[in-house]
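Pasting a structure here, questions to come.
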Amino acid sequence: MAVVSNEKMSAKQIITCAAYAMGRRVADVELNDVHEVLKDQNQFVWIALHEPSEETLERVQQEFGLHDLAIEDAHSAHQRPKIELYGDSIFVVLRTAQVNQQHIDFGETHFFVGDNYIVTVRHKSSVSYANVRSMCEHSPHLLSKGQGFALYAVMDFIVDQYFPVVHELEMELEAIEDNIFKDKPSRETTQQIYQLKRDLLEVKRAVSPLVEVCNRLTRFEIKCISEETRPYFRDVYDHVVRINEMVENTRELLNTALEANFSLISISQNDVSKKFAGWAAIIAVPTMVAGFYGMNFRFMPEIEWEYGFYAVILLTVAACILLYYFFKRSGWL
Amino acid sequence: MAVVSNEKMSAKQIITCAAYAMGRRVADVELNDVHEVLKDQNQFVWIALHEPSEETLERVQQEFGLHDLAIEDAHSAHQRPKIELYGDSIFVVLRTAQVNQQHIDFGETHFFVGDNYIVTVRHKSSVSYANVRSMCEHSPHLLSKGQGFALYAVMDFIVDQYFPVVHELEMELEAIEDNIFKDKPSRETTQQIYQLKRDLLEVKRAVSPLVEVCNRLTRFEIKCISEETRPYFRDVYDHVVRINEMVENTRELLNTALEANFSLISISQNDVSKKFAGWAAIIAVPTMVAGFYGMNFRFMPEIEWEYGFYAVILLTVAACILLYYFFKRSGWL
Amino acid sequence: MAVVSNEKMSAKQIITCAAYAMGRRVADVELNDVHEVLKDQNQFVWIALHEPSEETLERVQQEFGLHDLAIEDAHSAHQRPKIELYGDSIFVVLRTAQVNQQHIDFGETHFFVGDNYIVTVRHKSSVSYANVRSMCEHSPHLLSKGQGFALYAVMDFIVDQYFPVVHELEMELEAIEDNIFKDKPSRETTQQIYQLKRDLLEVKRAVSPLVEVCNRLTRFEIKCISEETRPYFRDVYDHVVRINEMVENTRELLNTALEANFSLISISQNDVSKKFAGWAAIIAVPTMVAGFYGMNFRFMPEIEWEYGFYAVILLTVAACILLYYFFKRSGWL
Amino acid sequence: MAVVSNEKMSAKQIITCAAYAMGRRVADVELNDVHEVLKDQNQFVWIALHEPSEETLERVQQEFGLHDLAIEDAHSAHQRPKIELYGDSIFVVLRTAQVNQQHIDFGETHFFVGDNYIVTVRHKSSVSYANVRSMCEHSPHLLSKGQGFALYAVMDFIVDQYFPVVHELEMELEAIEDNIFKDKPSRETTQQIYQLKRDLLEVKRAVSPLVEVCNRLTRFEIKCISEETRPYFRDVYDHVVRINEMVENTRELLNTALEANFSLISISQNDVSKKFAGWAAIIAVPTMVAGFYGMNFRFMPEIEWEYGFYAVILLTVAACILLYYFFKRSGWL
Amino acid sequence: MAVVSNEKMSAKQIITCAAYAMGRRVADVELNDVHEVLKDQNQFVWIALHEPSEETLERVQQEFGLHDLAIEDAHSAHQRPKIELYGDSIFVVLRTAQVNQQHIDFGETHFFVGDNYIVTVRHKSSVSYANVRSMCEHSPHLLSKGQGFALYAVMDFIVDQYFPVVHELEMELEAIEDNIFKDKPSRETTQQIYQLKRDLLEVKRAVSPLVEVCNRLTRFEIKCISEETRPYFRDVYDHVVRINEMVENTRELLNTALEANFSLISISQNDVSKKFAGWAAIIAVPTMVAGFYGMNFRFMPEIEWEYGFYAVILLTVAACILLYYFFKRSGWL
């Protein structure tokens, strides 16, 4: 019965389990038979898992003799991107990201790479690596470089997926710029800035440890990564550095945008004050005049004059118009 | 009599004092007999102290031949997290933290680790390591790696306790975000931001030196830490780096929150000014009209007119309503 | 027919393809014959391409045996400045910049340098390197140092083009300073500051990786760069460091300018408030007086007095003038 | 005569000049006879100077063969903390600090340490090292480690004096916090913040170079510092790092306090505006009503009505009270 | 004729050209005869140039066999401070600074130092090194250490000239502090802050690369700098580090001053608002009363009362005084 449940389980969790020789897929293997295949030094096994159960991971551990801690890490998907050496094998953790309806979905992928095997463990991330695998299978002269190249192919795919993510964030920054410089200052813009900062930090946290990971894959002597695949990891390194730079750039611009936004709010405040002061001054004139002629003195010459009323109205209106032009010219209205 | 007082003292200060062989607890030992046990190279002694008196520490010093400075440090519990080598033995200082009713309680734990002994000294921190010890005793295949593994087990426990602490701080940040973006700007929010900053700095001070401590435990040749326990310290290292990153992240978001808060206060100020200006303008109309018809000119046609009074009231109200809609549309009211 | 299309293609894409010996141009070579020329160790080939097609690049790759990844990079022109070693040959990526009607145009140039060849690949950047080449040809004693000197000559030319760019940015900063300290605070100035920050970041991104590139050309043993050309790359290094410093300086001043701008907006706001308060106080006097004498009490002595009206006017005007001087002196008007 | 003046001079400038053997003071020595004592390799000489004249320093230089530059430095007391090696001897500069009536007094102490001598030169700092010396003399088993331990004892004393200084600064920060969060924003608080920043920078400048000084004393091979005193300097190093951290912490909190202060000033400004607007609205009601009934229309029904006056007063007061509650509820009053 | 023009030229450009042996000036040499003097290994030549023409530099280049690039740099005086090794000779660039009527004048000095020569090239900087030279000549025991000591003497002189410059900047900061905390916020203060920031950046740019220059002179093996002059360069290094620290300190305080200034502007704005609100409230009372008794109701008891007028005035004045004290006590006036 254990076998049956295993079969069922495999259907979901084990995406692929195949042996490759000379860069070509030579056989699909049962997980339980992997140790047989591993005896042939000219082959390597590529296993792709998706959110494996503890049981599956245990079987993988037994087949390849992996370290307890690596398996523990592979099960609980909340790791920082990192690379660890356990004897001759390495354990790599990457975080994946995709844009999904203006929202960034993060996932996680783990790699166990050894002498003649590579195991990829996908968590949460929705994009399958089936395409990467088939692309590799279409260029056997590259895949013949071994499991190191398979590792590169998937890493390159994961890293390249960050470019649209960062592009999306740059677009959001531009939208914020438009809001700041074209529209009025608003609570929404401030909140957008804050949200973008949050997203940038999240992406940075996922990408920046990759610099060190790629660096180690490029420089240090790791037995299971063949010498000739090194330039490929340097290429991934370049991409990672570029993504980091783009994120850093966007972050610095965002900080400036926040400050510019703040300056503009103050200028806007200034404008309100000036406008208010200007209109208050204009309205003060007729009010003062009206008060003046509302006094109850017995002897006020104009009051007796027949056209006094009209004369006063005319003068008042003239004064208001004069004030209006004066404020208009000095930019208060 | 000295022995009696020692017995009494031990009851409180010495939590455990046991010998382990092959990963299994083989005997409870008297502190005074420890040097006997140490002669057997296949055993190691694990002593757990809690706020020991100077006397107890002196006895421990004599039993293991510890350095004066380390004992002095272990007595006065105000150290930075650090690791120090004294010949073949090491002295490690860690700071512990727990959330206690929305408040962070900090404690301190010191370790003396030598060839075949480990002494843990707890200060202030209220959580006992009894559970860790019993968990270790339940997996003898791990504990058989020696006192290095015991050190790892307690360190891992201490570091893992920082996750809920940091989580609590992240929750507080979210509460602050809600206050900022949903409610009105208030003095309380500003004070909360300041308090959170204080807590973050405190946690950072406790955690960030751990990066160096773990690093040294992982990399350098330390005789009393067996080679095979190194990957375990690398695991602790990973956790420490992640906690550091979370704190750093929260801190950067908090800074942005402080600035966003500030922007929103200014926008709010702007709104008050606009509202005031708008209503002042609306009220200025009837005031001006009233002043106008309060003038004492002898010849003012409308005044004599029977319906003048009503006509003026109507016109004034109409003007006010017009102004109201005008300001409403331009967002001043 | 392939040859014909090649000829046509060359006309546009292949600017030069010449062999140099002893620092002098000895022959123009067909791209297809380059491998013949390369056999003579005393010569080196200099090929200049401009936005080459995939076909041309493939031919170049075959002639010189270049690495797939470098060719891929050379085709898609969106690289960070970098230097990469592939065996004995190096691949260098630089970003170029020119001021074009107050706008910075960025381009990209790639170099393949090997044992006795140098290939330059220009992308987007509009300035041709024909002048650099002819200048090199006019000082054969320098060009005789080999392809390393050719690389230096073009790099030096590219780096020197950043000086007018940075100068332009410094001019813009000065214009912003004038706006801030001489004119009124305005939205335009804030937007200019933001735009300048954007440009500075762009230039910095293009220049700062050059420090590392030049450093490696100066220090490490690279076979295809002769020992005696090293001081020249140190010279380029110096220029790059200076440009970086100028950009950094401008950026720091810009940040201070942003804050100064903000202070001045607040002071300006302060001035508006004071002016408004001052005038409001002056206008409040006659308004109060008018209201006072507008009361309907039966017994108000001045009202009956014949010159009351004039006396009141005089006193009111006097009070206003007094207030005006008072506010003038205390800086509120 | 030179001898006489020397005697007189010594009385003030030369605090102690004694020879130590096996950790015990064996003799008081004349400065001129020191070279005699130095011949005995089992002894070391400890000389304590206080603001020595050029003459005294010259004699010291001759007795121990010190370098010109070190003597020059020791005379002009405006050095950065540093350690310098001159052949087998070292020259150490420290800055001292004490709290003196809420004011920090800085001083300077220089050390010349060689094969079997230590010279301490005190400048300005008012606390004498007599206590340190006598404490050393009371634990001969420690002082028998040589002049290296004497250096440690004084350095430890100097560094420990920074703790009350930093504590004082932390107290000041707490006072500022109380001012900010409990009282109204004031000019004094802003000035206090600035002053505290100044003090923090001063302390940081005095302490931070000590990290490097202690590091070199701990790590590098310095002949005149015996191997067994190294852990002691590591202890000083720990204290220095902790002081640095405390200063850094206080500085970061101070920056946040400055920003929080600023937010609260703005909120306070907001409150003033709201209060003013609220009361202005309440006062606008009776003003408008009074103006209304001050109009001179011939036909205004209420005016003729006997109780009109009282009815209007009642309605106006009612409207004011209504407005008052409305503003109270929405937090404007 | 060439010789004549050379003579004339020398009069201006070549300040000194002398040979030194055993620390004493032994002969004045013609530039054309220098190669003769260089043959004697016990002598060194010291040449001082001031803004030399291309011709003079070419002659110097020929006499000492200097590198093209160094000569090119020495001619165009816009270099960063740096040190470069060309074989056995070194080329050093320093920037000089002096205070000149509250203005900082920057200059540049270049050094060529080789086996037995030192050439100093002054640009723009107005202070001559004649004094340094004569001081060196007065202490032959030091100058006998060779051209390395001559280099030190001039460098020390140049670096020491930065102290008054930095002192001037510190004075300016204090003036700004006085403006901020004692006077009213003003545009001038903001502009002064900006100007000081500019000056600080300029000085920092001139001084900070010196750390690296001095470091290399102290640490690396440079043949033409004798071992025994190393401590002297360490002394210059110390001064440079101190100047850097002072600049950095002033810069950090300036940033805090900018923010404090900003806080005070806001508090000042707050004061204006409060004062305005307070006086507006006081003036509102008589205005309301006047309006009240200006109503035209037929039945208003007080109006008929003979002393109504005086009673109302009294009450109004009393209310105003009451309000005044109320606002005074709560700090609004």
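Which chain is which? They are A, B, C, D and E, in the order written, and residues in each are numbered from 1.
Please note the rule applied: contacts are C-beta pairs under 8 Å (C-beta built on N, C-alpha and C of every residue); 3 or more make two chains touch, one makes a residue touch a chain.
Small disclaimer: the values here were computed from a predicted structure and weren't measured.
With steps allowed only between chains in touch, the distance from chain C over to chain E comes to 1. Looking at chain D and chain E, not one chain touches each of them. Listing every chain that touches chain B and chain C alike gives A. At the interface between chain A and chain C, under half of the residue numbers appear on both sides, which makes the contact a different-residue one. For the pair chain A and chain D, the distance between mean C-alpha positions equals 43 Å. If you average the CA atoms of chain A and of chain B, the two centres end up 26 Å from each other. For chain B, residues that reach two or more other chains under the stated contact definition are 262, 266, 269, 273, 276, 280, 287, 291, 294-296, 300.
Ring order of the chains (start chain B, then chain D) is B, D, E, C, A.
Taken together, the chain E residues at the contact with chain C in this complex read 67, 69, 73, 79-80, 82, 84, 86, 184-187, 190-191, 193-194, 197-198, 201, 205, 258, 261-262, 265-266, 268-269, 272-273, 275-276, 279-280, 283, 286-287, 290-291, 293-296, 300, 302-304, 306-309, 312.
For chain C in complex with chain E, the touching residues are 177, 181, 231-232, 234-235, 238, 241-242, 245, 249, 252-253, 256-257, 259-260, 262-264, 266-267, 269-270, 273-274, 276-277, 280-281, 284, 287-288, 291-292, 294-300, 331.
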